[in-house]
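Each of the next two complexes has chain A plus one other chain: chain B in the first, chain C in the second.
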Partner chain A sequence: MSAAFYSRLSPDTAAKFRRFRRIRRGWWSFLVLLAFSALSLAAELLVNSRPLVVHYQGRWIFPTYGAIHTGREFGFDYDYEVNYRELQTRLAAGPGGDWVLLPPVPYGATENCNVGEVFKPRPPTWSGRHFLGTDQLNRDILARLLYGYRTALVFAVCYVALTYLIGVTLGCAMAYFGGWFDLTGQRLIEIWSLVPFLFVVIILRSVIPPSPGWDLWVLLGIVTLFSWISVSYYMRSTTYREKAREYVAAAQVLGAGPARVIFVHILPNTLATLVTFIPFTVTAAISSLTALDFIGFGLPPPTPSWGELLHQGTGNLNAPWIVSSAFTALTVTLILVTFVGEAIREAFDPKHFTTYE
Partner chain B sequence: MPPLLEVRDLRMHFPVREGVLLRARQTCRAVDGVSFTLAAGETLGLVGESGCGKSTLGRCIVRLLTPTAGSIRFEGTDLAPLSRRALKPVRRQIQMVFQDPVESLNARHTVGQTLAEPFIIHGLGTPAERARWVQELLDQVGLPRGAEQKYPFEFSGGQRQRIGIARAIALRPKLVICDEPVSALDVSIQSQVLNLLMELQQQLGLSFLFIAHNLAVVKHVSDRIAIMYLGRIVELGGADDVYANPRHPYTRALLAAIPVPDPRRHSPPAPLAGDVPSPIHPPSGCPFHPRCPHATDRCKAERPELRTVATPTGTAQSVACHYDL
Partner chain C sequence: MKRFQPVLPLLTLTLLAVLTGCGKKDAGAGPATAANPPVPSFPGMEADLARTVKEQAAFYAFKPAADFATDTAGLTWEDGSQLPEFADPAAKKGGTARIWIPDYPRTFRTIGPDATGGIRDYLLDDVAMCLLHRHPNLPGSYYPGLASSWAVSTATKTVFFRLDPAARWSDGHPVTTDDIVFSFYFMRSPHLGDPWYNDFYAKTYSRLTVYDPLSFAITLPELKPDLLERAGFWVPYPRHAFADFGPGWLDKFQWRFLPTTAPYVLHDEDIEKGQSITLTRLTDWWARDRKFWRGRFNPDRLRLVVIREPDKAFEAFRRGDLDIFGLGAPTLWYEKLADTDELVTKGYVEKSKFFNRTPQPNWGLWLNEAKPPLDNRDLREGIHYATNFQLVCDQYFRGDAVVMSTSSDGFGWRTHPTLTARPFNPARARELFAQAGYTKQGPDGVLTNAGGDRLSFHLLSYKRPGTDDILAILKQEALKAGLEFVIDIQDATTAFKTMQEKNHEVAYIALNIDAELYPRYWECYHSANAYDTPYLPDGVTPNPARKPKPDTNNMTSVANPALDALITRYDHATTLDEIKTLAVQIEELLHQDASWVNGWAQPFIRLGSWRWVKWPEGFNAMQARDAVEMFVFSIDPAAQEETLAARKAGRTFPPSIRVFDQYKQK
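Showing the complex of A and B:
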């Protein structure tokens, strides 16, 4: 990476980043995860029932992110969204220069790919473009995996952000202000951490009605109610340590108030270690989302999700392509994140061993 | 003219908390009734063993700690009861140099950021002006140009302490508390840093409260010396008087413990026996009596107050001992 990039970091951070890059397993896992994430963010262009481009009677249509085009617009006799795969077959057979360019996998994540046929899992076919087969509702598994990964990614990013925001704020405040605030805060946290998480999720999921578009955020809110506690413990102890150091006293003698001391002095000195926890928090986020989906208290159907696929797969072991693809995707992702976490932890380790050869 | 700083009967008692509810069961009397004055441009050396409360005294004066009782009059204003906000303007006048320059500099800030911070906190200057002031400060403490872009770990111990000194003088204070400013440094660079402090004192008319446990260092820089033992001043006087004519047995023991660079001297004087008693359970009467070679029954029963004694030069010297030893 360029020298300009490194010079913008503090030398300490730059050295850590260099060490991280040198741990090849972690660095490559990081790049692969980055590639997966980029792919999933561009999922509409790769796996979608809507085509990339349609050329129809002299018109150029780009339906991927655009409005719905009805069947009647293309000469079919229905008013709902046109089936572009049918359209492609018809236009290819017909005369004229009209054509449809579909994505590599021409199926949507919530779409019944075999309308009117029996609901049953179908094995992978190369010609039918179902590279991982279909599930018991005739939906393409690859589509559900990719869109499910995106859901998990968004969930994990928001989960990490919220968890650390709450944990860092509360932990830091309790340690910095100390006294009765800290004492009562700690006792309340101890009580709170004894509340059984799963029961609360089950109760809240049954009380809060499903509201399309909001379900992910509701679930995120419920899960982060409990996840911040360990972060706050860590922040509390490190803030206690940092605030007793003399550079904090020096800032206070200069007249710095609590906000300045916390944000300019204490936080930058504690966050370096906190960063090493982030990959493991991501793992926790993905596995808890998958687990909740698996037992049916996660996102409501038909949201594509890995937990739901695993659940289907274990119920249909005679269709092994379901469980194996979901299981492989989950395992590979979690292993990659763990590799990244290990590498970050090692790169941030203050103890370096020199070996003499 | 009133003195720049007048500390009167200052006490700093820390509660020793125990039990589930953290009730204060006992108190640690770290500073227990200290009074002294400091004139403008003067250096008062404060000497004592580890744990005698000298650093706590310094931290009370810069109000890192809120004293339990007593007054700290700075230019006539009592700082002891002031709130953090009320203290802010006073902070420009009183600064502190810390003992360990590794600990007292934020490792994540460049030297430029560290030295600009005093100005930012007090809302002084534009970024360009601050950059110029930082340059002037670096020149003043003898650090090379370009140092402002480096991080503390790129400097040697002596240079780091220069950064700490530059930060302390940034706001042009009148009083600087030097809390063992050279004891973390190599002997070879201690004198350089001491000379820098004395030069700055001359240039800027600073007053120093110079806390140390090394008597040779203190003698070099101080006009007057206060000897502390277990939270109290036991002897206070002109530097030369105290050295030439120590009145308190504790001062004598400290002076006798100064190493003498003489290879022919064979028998070192008997060191002071025992340890400093705990400030949680101070001894009755004179706090020094368990270790004092001259202790009598009166010393065990009655606490001696500081009293003025005559000196050959006629300057003020006071000692907290019942006897003229």
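Showing the complex of A and C:
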């Protein structure tokens, strides 16, 4: 990282970043995760049934994003989306200099890749570009893993953001205002935390019908309803400690309102420790999404997801490439996140900056 | 009979269990009419029965024994003795059959709340004796159960029965007309706690006439082609075991095992709560040497083991902890127990595929006409052409399943001689969708109409192995026709409730259909089961203010006066020929209406069984819906020992993979 980057941070934070970088295992895990995430965000360019470029009768077509192109546009006799692999074969055999450039893995995540053949898992083949094999509906496992990873990533990021937003706000508010607000809030939280999470998920999922594009957000909302409690406990206790300090009193004397005191003065002083929790929250997010999909209460089929793959894999142990792909992907990701988490915790450990006199 | 429950998971061999004894059932079909008059004090069962019989003298008639001869004069007595047996009379008794059930029963009652679980097959449906039974190889023929002979009077719509003098309850009490009277009292009692039975027994029978302890007659309100079956195909309950019947009996009888006419009884010491239940064969069962009953119910013990996961149950079968395992799912038959599997090649486990001929569960898409735009017939027909069940049959079921021709396939005759499913044809579907106004293709390939509405429907189903796969296939294929299915898989109870309340758009479900002589149409297709007030007073114009009628099986909300008229005639038909003629017309109307998209059927059962399970020649009876149902198999303990020893020592036997297609419908 450049000196300019560090110079913009407070010396304290910059020191923590330097420490984090020096913990090589965590730092490399962080980079690998970043790379995975970047890959998954560009998944359509790498693993997709739609090509990157089609050159057809003098036209340049970039079908990756945007509306479908029907078979009829390319001289087939059907009105649904053209099968680009078929088109590629046809154009390659034809005379006219037309061509199709497909991504490295030319399969979509919900697509039957072996049209005309029996639905059953098939082992990985290099020549067929099914690098991890296919699942029981002839879908490419690599495609499902990559798109599933992206879903999990988006889910985890939003989960962390929402969880901390709610947890921090409520936790700080309870401690800062104290008194009856704190007392009532705590009792409500105690009641809330006793609601059996899984039953609520099952009930809510049955009440809220699936709606394409919104399913992930609905699930996120349901899961977040229960995830903020531990964060609020933590923030409540730290805020109690912080608000007794002189700088808080000073801010109040200067006329700062509660929101300003909480978010501008107290929060930055508790942030260091809060940050160390984040990777573990990410782990929790990925695990719960996978678990819910595994038991069938997650995203509706045919959404690609790791839990669904794991479920298929355990039901098809005679096709070990399914379960091993999903299991490896899940384990590696969770381990990398945990490594990052450990490194952050160590980098932010206050013991390194405190000396006793 | 149609079962008013969705098809249960194909978990066990006992998959298509009938709801009640000998097929009298239908939970929740028609309107529940049970009146529940407040009874201030219940005088006890016998006193209440006496009072009921007196009050309902029009139903319960008692005549002198001498009248029996005069009332039956000129009638032909039958006893089914000319019919062939379907079991192997030489089958050996002995051994323990180990069968899995997915849940521990919530009651040992066979009637009332929670009583329709999988264990009832072994307490009642598959084992207890009715007055007479359908011959499973010869639909329309009957063999004796508790009744030794019977005579039908079509003129008076009455069937006369003589009970078998040897018939005994498992505690030694003889079966007499006291039990018959009690059974009607019981089934019609407001204290029963099961409105379906109240309704059924009130509507199906119009009089019971008792002559002496062994002679009685049952009269029906209408002449039916299957009058005999309606009168005789039900299980009586033992009067002497119900002395404390009355209000609150459901709780008292929750865990009581009652005397039975079945060959298997339950001893208290054979109950492992939550884990297993073991039934013991009565060695002196009264019917053990009777024709049609000999050679059946051969294992000495039936051990019903609770295994909650099908995968675990399969592993238990592979270990040899279960004797028989259904291999209906293609992954089981072709992969998990492939012909090349060591258990098969070494001859320890035998694979059998048996083509049965029996009404099939009507898997398909049920389009709810009450939900616009599904009220548009062109659009519904378009969905037919956009739904590729042929692909499901060919490539998911690997060519083993067939697309159903009508929703009532598998009866002994074809309900319509020529109708078949509409083929998958996206181009034709698009034409029909265009007629319904869906002409513009959106960027995602889904058609929209002028108002911007997308051609998208929620496709509701419930968790069951394979459902998500089949629906994912249909979804992908439907998009070729510009149609989007949004898959919604719920747990079974929630999904079925939604469908019964008609809150679905498209449902993927099947109803189990009992092996009756001819199909039922009223439940699923009559307007009375679609809306509260389907038509305006003219009887034809749809009532604009009509509300869907909940808790019925008309899950397509079809309401068509012409169809109603045909169904009414069908239900009052008195001969099978008339029934068949009307069925053709009904099926034609249903086909035109296009609210049920023909799904798939597997007209066979297939299973793996350990080498020590022996089957009769020909394997099973024609109408067997699972391997156990008819209880024609036997367990050979010597072969069991031999096989286990051989397995340990590595010795092998010739492999056995057999196909029985003598009943395959050509």
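One rule holds in what follows: the second predicted complex is superposed on the first by the 352 of 357 C-alpha atoms of A that agree within 3 Å, B and C clash if a C-alpha of one lies under 4 Å from a C-alpha of the other, contacts with A are read in each partner's own complex, and residues count from 1 in each chain.
Just so we're on the same page, a contact is a pair of C-beta atoms (placed from the backbone, for glycine too) under 8 Å apart; a residue touches a chain by one contact, two chains touch by 3 or more.
Being a predicted model, the structure only gives us computed values, none of them experimental.
Enquirer: So, on chain A, is it clash or fit between chain B and chain C?
Expert: These partners fit in the superposed model.
Enquirer: Once the structures are superposed on A, label A:Val195 by its partner contacts, choosing first (chain B), second (chain C), both or neither.
Expert: In the superposed model, A:Val195 contacts neither chain B nor chain C.
Enquirer: Have a look at where A:Ala249 lands relative to chain B and chain C in the superposition and call it first, second, both or neither.
Expert: A:Ala249: touches chain B, not chain C.
Enquirer: Please work out whether A:Ala42 is in contact with chain B alone, chain C alone, both, or neither, and reply first, second, both or neither.
Expert: neither
Enquirer: According to the stated criteria, A:Val157 is in contact with first (chain B), second (chain C), both, or neither; which is it?
Expert: Touch partners of A:Val157: none, neither chain B nor chain C.
Enquirer: Should A:Leu31 be classified as contacting the first partner (chain B), the second (chain C), both, or neither?
Expert: So A:Leu31 meets neither chain B nor chain C here.
Enquirer: Just checking: does A:Leu183 make contact with chain B only, chain C only, both, or neither of them? Give me first, second, both or neither.
Expert: first
Enquirer: Based on the superposed arrangement, let me know which partner A:Leu137 touches: chain B (first), chain C (second), both, or neither?
Expert: second
Enquirer: For A:Pro11, is the partner it touches chain B (first), chain C (second), both, or none of the two (neither)?
Expert: It touches chain B, and chain C stays clear.
Enquirer: Determine, under the contact definition given at the top, whether A:Gly257 touches first (chain B), second (chain C), both, or neither.
Expert: A:Gly257: touches chain B, not chain C.
Enquirer: Of the two partners chain B and chain C, indicate the one touching more residues belonging to chain A.
Expert: Between chain B and chain C, C touches the greater number of residues in chain A.
Enquirer: How many Å separate the nearest C-alpha atoms of chain B and chain C in the overlaid structures?
Expert: 43
Enquirer: Can you list the residues of chain A that meet both chain B and chain C?
Expert: Common interface on chain A, chain B vs chain C: nothing in common.
Enquirer: Under the definition above, what is the set of chain A residues touching chain C in their complex?
Expert: Residues of chain A touching chain C: 66-68, 70, 78-81, 110-112, 116-120, 136-137, 202, 205-206, 209-212, 296, 300-302, 314-316, 318-319.
Enquirer: Show which residues of chain B lie in contact with chain A when the two form their complex.
Expert: For this pair, the touching residues of chain B are 22, 59, 62, 64, 84, 87-88, 91-92, 94-96, 98-100, 103-108, 117-118, 121-122, 151, 164, 167, 171.
Enquirer: Would you mind writing out the residues of chain C in touch with chain A in their complex?
Expert: 311, 331, 334-336, 395-396, 398, 426-427, 430, 441-445, 456, 458, 463, 468-469, 471-473, 475-476, 479-482, 484, 486-491, 494
Enquirer: Which bits of chain A are touching chain B when the two form their complex?
Expert: 10-12, 183, 245-247, 249-257, 260, 264-265, 268-269
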